[in-house]
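First chain A sits with chain B, and in the next complex the same chain sits with chain C.
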Partner chain A sequence: MTDVAELPPAGRAAAPSLAEAADRIRRSAAYVVVPILALVGSGLIFSLFLLALGQSPAEFFGLLWRGGFGTAFSWQNTLVRAAPLIFTALCVAIPAQLGLVVIGGEGALVLGGLAAAVIALPIAASLPAPVVLAAMFVAAAVVGGAWIGLVGLLRHGRGVNETISSLLLYYIAISILNFVVEGPLRDPGSPNKPSTPSIGEQNMVGNIPGLDVHWGLPIGVLLCVLLYLLMSRTTFGFAARVTGGNVRAARGQGLPVGGLVVGACAIAGACAGLAGFFEVAAIQGKANASLIAGYGFSGILVSFLARHNPLAIPPVAILFGGIAAAGGLVQRRMGLPDATMMVLQGLIFVVLLASETLYGRRLPAWLGGGK
Partner chain B sequence: MTTARLPSLAVSRRGVLRGAAAGALLGTTLLGAGRARAADLVIGIVYVGPRDDYGWNQAHAVAAQALKEIPGVTVVEEENVPETVAVSKTMESMIELDGAKLIFATSFGYYDPYMLDMAKKYPDIEFRHAAGLWTDAAPKNAGSYFCYLDQAHYVDGIAAGLSSKTGKLGFVAAKPIGTVLLNINSFTLGAKKANPNASVQVIFTGEWSMPVREAEAVNALVDAGCDVITCHVDSPKVVIETAERRGVMSCGHNANQAALAPKGFLTGAEYKWATIYKEFADILATGGELPNFVRGGYDKDYVQNTDYGAAASDIVRAACEQAKAELRAGKPIYVGPLKDNTGKEVIAAGTTHDAYDVWLETTGYLVEGVIGSTS
Partner chain C sequence: MEATDLGLWSVPLAMFAGAIRVSTPFLFVSLGECLTEKSGRINLGLEGTLVFGAMAAYAVSYMTGSAWLGVVAAGLAGAGFGMLHAGLCSLPRVNDIAVGIALMLFGVGLAFFFGKAFIQPTAPRLPSIPLGEWSDVSQIRVALEINPLFFIGAALALAMWWAFRNTRFGLIVRTTGDSAAAARALGTSVLGVRFVATTIGGFLAGVGGSFLSLYYPGSWNEGLSSGQGLMAVALVIFARWNPLACFLAALLFGAAGALGPALQSIGVSQGYHFFNAAPYVMTLLIMIASSSPTRALRGAPGELSIVK
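Then we have the complex of A and B:
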């Protein structure tokens, strides 16, 4: 990608040689080039699919651009949809550093949102809004963290497969939500849709000034940066990655594997719980079955596409937010069914996973590779 | 109308495509913002599920189809929109990118907070929601529309009561809430009018859409001797198909399911949203003001019964037609004395609750003749 000549001159004494630097850049460029190639490839395959349906790929991609990124409204639409995906993707990405595949983030989201509403209800009217919001924030993170932390605990203590247990715990989470909103905390004013009472307009998280996007997006991006630093620049992160690389070696080195597993899962659950917090505090104002919207499962896709790199999660989440945002326009203008967008997402996923084999190989010369 | 519906949906989808392509061209070349011509009325319809679900969403999609046939009306539709911020964005996108002036939000959970928020944000756009939720406190550019489907279930009940040989009818229901209980009660009252000894056995699945449990419920009802099955679930497809496979008769719900039961279908309770949608389009086309709250049943042509299936005999057809005529004339279904199925009197002798009586919306009991419990 970048030509050697464009590099700043190596000024420091210990600076690597130009050739080494170029090689490093080539290797890291692969992490940008390969996903882009995969996106283009899946777009081409999808075009064939559209042509088979007698539809125009040009019109489709034009609408995709317009509905997702083409106007100020489209951008806001995209960003609002991306916000929860950032949090739920983190719920997959952090345990993935330890080699754990946690797919039950939806459960932590649901319970985090429920916890936020439950803690807000008794204090919503009496305490100032910042206090209420802080309590909700903490409650959502703690409950979400405990939920996925439990997955880590089961994994470490009893050897229970974390993928299965997190998925099964999701069903339990939904039952808990349904029990609470249909029973003890049901709003009598909402007979046909069981729901908790509202936390009150004054306690809602507002939008970023001038935008129709709530604060969940910047906080999610900030969280991605913090967790990236945690995983790449701290001893916790290093130990976690060592554990992910080889558990026995980590144990042999005396690393606290159990604490790392449970801790990483708890951090992950806290992220998903915060997605629930923003759903309740920024959007719905109450907890009900609308929390079960599939953000937790879309987050799995986002995290895998971001190769579990927290810094790559926001752009991927925005890409998926854009696809979701444009889905409506495509349906309306081209008369295509809603499932079209699922086909596109599925294709991107499959092609990107298939492109994993390209890493470490030399790219063709025209893409900046080769020696 | 009955069997031609699905094909016609497909045919005019192509037509819509042509229209959409032309509209997009016009929008991008002339207006930049992609809005439709000012003379056109753009109506947006949002569905929570697929448009071809043989149920609630299809009933609205069929009406959307009828709207499209009106010259000067462009309909933009979006399906599978969850009850999250996604629906706000869908409505906003219809307004901002398609120039929609009227939005029909067809799922219960769209109303609060999503549709109300949008109504506040876009005071010049009309929003209407398919349930009786609007109150005076809500924005004036929002509103509710609803149909008394229980009247069509009453007609179903007459068909079922007359057709059943065992006198045992089966009802697969989602949740024991007001509207569902009202449909069960009206079905039962119709059945008992046709056959005073008829009984209706109810199984609640607990969920709006739970196909496996719905199929199990049908099997259990048929095993218990029921020879006519009907339901109130989001998509009756599985119920009707399972009944047909078990060789019993069936009555539909929400939309047209006749094609699913070529042998055993009697008739079905169907919404006729098209009447309301066309009324609204007419009002807006002539510059009038939309009402905030509309509701009605057979009297306003807001509900209908599916065209008779193969199992409906001439006697059944005649009895149903008579019942429909009476309902059109405003004859009430809920007339005292009426007992619930625990023996308690719910309507005293001499008391009548007509279709518009809000008392019916608070139904919390099952009438005498229903085997089942609300809790």
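Then we have the complex of A and C:
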């Protein structure tokens, strides 16, 4: 415990010395450098993997660049695929501030999309498009929020591990989707693929003017900024982070831990539900099994790579959107199976987690490490 | 004399047979997870290990013509994943729950990647032990065709229960799981014990996976497992880390999973999705009933991160 007398006098900020400033920069630089090292490291390991299979890593990464970031067309593809990842990553990042590992965002996405499609059914033809979209937006957020909020409730109320319960709820959500889409709300006009009736062309979310990318992307980025401000500048966010640091200390301070846990999970679920909303309202136009596309699981990785910082989520999501966008091109050209991108993402995740061990270590002497 | 139709009795019979069949992968994965958790580490990546084991078993069985070799290969692959998990978790500051999730995704990705070539071909399957030869009723005979892995798993559960109580290795594992400080004071290497426990746990999970592709459902495809690895983790908590209770709980889970197909076999086809969801709902209810917000779970290894 620092002696109170040693603290700088209140009201006058002590000028930081150059060494202190450099030290602080070096320590916070670690939070950018280490993930980049992890990416490079996993790229190297993946290259070895490709070489062992007789494929060319140079060709792979060249095609990855071209398919994800090389042309305007590939950029648009990338951005469209990044949009849902932003929302599902938020679903992992917000509870992570409280120390919770929630991985069931896919379930909330699915049910959010389903709710949006369902609520549009009675009103799609009669009400103006903005009203329909607003109703769908709210429905998706509420249903998604309730789904993951349930996870928080179980965690706080019964001590049920949130990782396991959120994943179980994912499987249950899939069953619910399949039941609704194949049963009571099935569109008789689509005999081959069971799905709900279309919400109508006029009710779809449009594209940003000039780009072939729907509004979900900027809204997602805006949501990241808002949630960052919520978690870092409001009392709710502060209380949440204290709870994440030490639950007993939080309770000792009288913080409403239960409300924080359920609230954070509800916000997370609402984000994932909105991912489902945009999938239905901007891409598919209806709810069906295409909603189960693995965005929720990729979002887990995006959030971990972004170190659960909402501001870092959009660039990381764009990176993974690029990987997904290039997937088709790479796999077709090089004859690799669909799962290649899954392997790459899984590898990145594993190496990233291993790289966590590098934080707090001193640089070796030959790189200039000090005492 | 041709046997008469069993009528409604065929449902419990089908459930009995189904319970034994469906419980076998749960049994192996939960025994593996039980050992891992007794040593104080939680391995959430067993779903990936399970799927990869299923793929490896099918592939090796296809390529060598021997299903049992496939089982061994699956076990070795599972042990490999276990070693990877243990290795990653032994690094300081690495979160073992996150590692489990990462290995789950990685394992499934690798399995799908290498398994692409094996979706179409048919591989030799594991044999069944026909225990129903005494009956004239074909349904009873079919129901009593039990797979050998079930008996191996049951024997393993008994052996593990006995070993935890009566052997030095069991004591070392339990000490490491209850209090790492005490284990260190006794001179055992905490990381070493957990490494061995996680590796064996992975081996068993791989064997459990081999059952899926080599017996029931008996083929390799990308929808083979749906959360069984995860449910096994919940099963271990429900069974309070007791291998014999794991055996019984696996049968319970197997019965829940077999309910749907059993009813379908007599023509009840509505509620298909409800029966699909039933095992997960049951798992969730069991977890809610078994957990407590304030007290540590009875019998929980003290070092386990999710119950601290």
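One rule holds in what follows: the second predicted complex is superposed on the first by the 346 of 371 C-alpha atoms of A that agree within 3 Å, B and C clash if a C-alpha of one lies under 4 Å from a C-alpha of the other, contacts with A are read in each partner's own complex, and residues count from 1 in each chain.
Note that in this section contacts are C-beta pairs under 8 Å (C-beta built on N, C-alpha and C of every residue); 3 or more make two chains touch, one makes a residue touch a chain.
It should be emphasised that the depicted structure is a prediction, and the values quoted were computed from it without experimental measurement.
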Have a look at where A:247 lands relative to chain B and chain C in the superposition and call it first, second, both or neither. neither
For A:81, is the partner it touches chain B (first), chain C (second), both, or none of the two (neither)? first
Contacts of A:127 with chain B and chain C, given as first, second, both or neither: neither
Scan A:338 for contacts with chain B and chain C and give back first, second, both or neither. both
Mind telling me which of the two, chain B or chain C, contacts the most residues of chain A? C
Once chain A of both complexes is superposed, is A:329 in touch with chain B (first), chain C (second), both, or neither? first
Looking at A:290 after the superposition, I want to know if it touches chain B, chain C, both of them or none. Which is it: first, second, both, neither? first
Which parts of chain A are in contact with chain B and also with chain C? 337-338
For chain A, which residues are in contact with chain B within the complex? 59, 66-67, 71, 73-74, 77, 80-81, 191-193, 279, 283-285, 288-290, 293-294, 324-325, 328-329, 331-335, 337-338
In the complex of these two chains, what residues of chain B are touching chain A? 13-14, 16-17, 20-21, 23-24, 34, 44, 50, 76-86, 89-90, 92-94, 96-98, 108-109, 113, 131, 177-179
Okay, in this complex, where on chain A does chain C touch? 101, 103, 154, 156-161, 163-165, 167-169, 171-172, 175-176, 178-179, 182-183, 297, 300-301, 304, 337-340, 342-343, 345-347, 349-350, 352-354, 356-357, 359-360
Looking at the complex, which residues from chain C come into contact with chain A? 44, 84, 88, 91-95, 97-99, 101-103, 105-113, 116, 226-227, 230-231, 233-234, 273-274, 276-277, 280-281, 283-284, 287-288, 291-294, 306
